[in-house]
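Common to both upcoming complexes is chain A, partnered first by chain B, then by chain C.
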Partner chain A sequence: MNQDAWLTALTDELRRHGVDAGVTRHVVAEAASHLSDSGEPADSAFGAPSAYARAVVDSVGRARRPAGEVRLRATDIYKRYGRRPVLSGVELTVRAGQVAAIVGANGSGKSTLLRICAGLVSPDRGTVEVHGALGYCPQDGGTSDFLLPDEHFVLVGAGRGLGRDVARADGRGRAAALDWDAGTARPARQLSGGTRQKLNLVMAELGDPDVMLLDEPYQGFDRGSYVDFWERVWSWRDAGKAIVVVTHLLDRLDRVDLVVEL
Partner chain B sequence: MRVVAEMALREIVRRRAVLLILLLFPLAFYLSRRGDHLGQSVRFVCLGVGWALSTAALFAGGAARSMEPRLRLSGYRTWHLFGGRLLALWTVGVAIAAPYLLLIRLDQPQVRHGAVALIMALTVAVSAPLGLAISAVLPRELEGTLVLLAIVALQMVMDPAGSASRLLPFWFSREIGTYAIDHTDGGYLNRGVAHGLGFFALLLTVVAVGAAVRLRRRPHLRML
Partner chain C sequence: MDGRHGQWLRGVLDLCVLALLARRESYGYEIAQALDAAGLGRIQGGTLYPILLRLQRTGLVVAGWREGDAGPARKYYRLTPEGAEALRRSAGEWDGFADAVGRIFREVVPR
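Here is the complex of A and B:
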């Protein structure tokens, strides 16, 4: 990769990570200056643009608002399937402006806990309180094979009280934040797995719910979209939403507010 | 509910092969009996329309299952969801039945066409909730399809004069058919209409209760 291409890629990565524009210009200018002085190839001096951007983000950090009122409270949740206990006395409290990660081995009950919080499954014992509107993104399914993305937006938007044009524009805008042009005329069954999951995620955030329950929503995402997804999560947190993410991937756990291990 | 109906209709209409089969399926029934004594083809085409539409409804109910919980979370009431789907299926049913009414009018001038139109209307009205009701009770498609197959097969082989056949959802079709084809007294018409409306109300209730149970707000969850 030549120097200009590397610097352009670094700029894109920093923008994706939501780094302030002024900070980005400063970092890129410093890197360009160093490369010019040293004559070293960019890849050997700084490594891949994505890795360097990540290091910058980790050092610059991101300003956080203090957590607000309780948005989701799950108390004393028990659930068994047949004789197999899946959840035993799980507690989860998430406030406005917080991100909670639910982690655990396969079959540990992560998706079940999320479905209980969404009210789709009843626990054997326990209660869930939700303050505000709820958005839910399942791990798979949740879309209609023969509808276009725009039609999904209109359908979900109508339930949230949004007009057609507003729902369509809102959906397309949120899709663009995941680097996806949702104005395609292809029905959902013709979308790739990752793109279909982007549709799933956009449907969950339509209408700006206060509480977001996301069950490994990034399955099938390319690396750039994965980064975009987590930037969306941080921006939702900054906007005061309460977010619960089921995740196997541990590289973001240092940036979440709560970790619940099942 | 209008948006749900519109999207359900779009889903069905995009399945061109399915639409073609739905349209031609009853024709096979009609032509297979056209050489029999007067009016048998009319009886069988009505059953064919009923079978085609109830099968479409069965699979439409199954396909909707993955989206309905999140639509409920989005703010729809349960009756919006099943009501919209029914509206879409009835629209498809009218589109399937209309050409056959015209065919019968042209090909069988001797039957009571008003009564035949009534059979078609009741068939469309009953078929859609029949398919959705089977889908609600038997969520797996193979089991649901086999039950639907059994119902329609019994409808064709059982003696309509027997009391057990009144337990089948399309019995009204053969009863009103006798009035339309054999020009009998109004008793056949009245019994048929009562049976059709009764099954329509029963199946609608099953669909509504099934949806209410499946999409109910769970008691452990308090939305504040």
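Here is the complex of A and C:
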């Protein structure tokens, strides 16, 4: 990649990450000045534009908008399975532009709480309000063995008012952002566990719902896809979505807005 | 910057940059050359500039653009009083750390 193409790609990447236009100008001009002084190729001095953009984003921090209106409110949630109480009086309020993490040991009711928020399980007591369209990504299952990824997109898109072609293009585009070529993929039962999770994630975000409920959606992802996943979470937040992530990995908790420990 | 040398460098590179800026204000490429001349090896732009951005964000340095006599405009970085104080504190801690490591090594590895 020649220098101008590299600088253009860097500009695009910074914009994609929501970096302020003024900061972007400074960063790109400084890189250009360094390249002119050192005479090095851009790729060897700074690495790939996408990687350098991520390093820049980590260094300057993200511009945060104040949280908006309430998108999800779970009040006084109780649930027991048989005699075993799983959830006792759990509260969770997530506003537009916030990320909430649900953490806790295995069996502590993380997935149950998320399924209650999604309306898939009824609580024994308590209420859930959702304001806006909802996307849900289960921990596993959720795909249909004999359908192609494209057919999943069309099916889910239909439920969200998207036409066939729009749904297919939208799904493939979102898959590409997770480093997955969904257009040439085989039926779901022939996909690896990690790729099936990508399919689940793409279905959850199809049609840009206002509330995203994600149950450890990165299981089976490689390191790169795991990083991409969290980048997407931050960009959804910047776009004003309310996001709830069930997670047992603590390395991102310093960046979320709310933590519910079960 | 691979392996153990890279790990050590990651822990102190921001302090070395502050220390170079304590001598005089400077710009990225010149800082990279000074680090190389000081024996730390070649630091890539992709490593150095994010550090400068972080130092700027945390108020330890300030920056401004200036036209060069020849060549491109350059972004010059200058140490702030907060940066000087952070450097003084960390340099003291580093001495203590390096001394402790050195003492352990010297017990078993003759020099």
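Here, the second predicted complex is superposed on the first by the 202 of 262 C-alpha atoms of A that agree within 3 Å, B and C clash if a C-alpha of one lies under 4 Å from a C-alpha of the other, contacts with A are read in each partner's own complex, and residues count from 1 in each chain.
Operating definition for what follows: a contact is a pair of C-beta atoms (placed from the backbone, for glycine too) under 8 Å apart; a residue touches a chain by one contact, two chains touch by 3 or more.
Since the structure is predicted, the reported quantities are computational estimates derived from the model, not experimental observations.
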Report for A:S192: first if it touches chain B alone, second if chain C alone, otherwise both or neither. neither
Output check: A:P138 vs chain B and chain C. Expected answer is one of first, second, both, neither. What do you get? first
In the superposed arrangement, which partner chain does A:M203 touch: chain B (first), chain C (second), both, or neither? first
Dominant toucher of chain A (residue count), chain B or chain C: B
So, A:S88: does it touch chain B (first), chain C (second), both, or neither? neither
Looking at A:E129, would you say it contacts chain B, chain C, both, or neither? Reply first, second, both or neither. first
Once chain A of both complexes is superposed, is A:S235 in touch with chain B (first), chain C (second), both, or neither? neither
Figure out whether A:F146 sits in contact with chain B (first) or chain C (second), or with both, or with neither. first
Name the contact category of A:V154: first (chain B only), second (chain C only), both, or neither. first
Quick check: in the complex, which residue numbers of chain B touch chain A? 3-4, 7, 10-11, 14-15, 63-64, 66-67, 69-71, 73-76, 217-224
Complex contact set, residues of chain A against chain B: 116-123, 126-131, 134-136, 138, 141-147, 151, 154-156, 158-161, 187, 203-204, 206-207
Listed in rising order, the residues of chain A that touch chain C in the complex are 26-27, 29-38, 40, 44-47, 51-52, 55-56, 58-61
For the complex, which residues does chain C have touching chain A? 27-29, 32, 44-46, 49-51, 53-54, 57, 65, 71-75
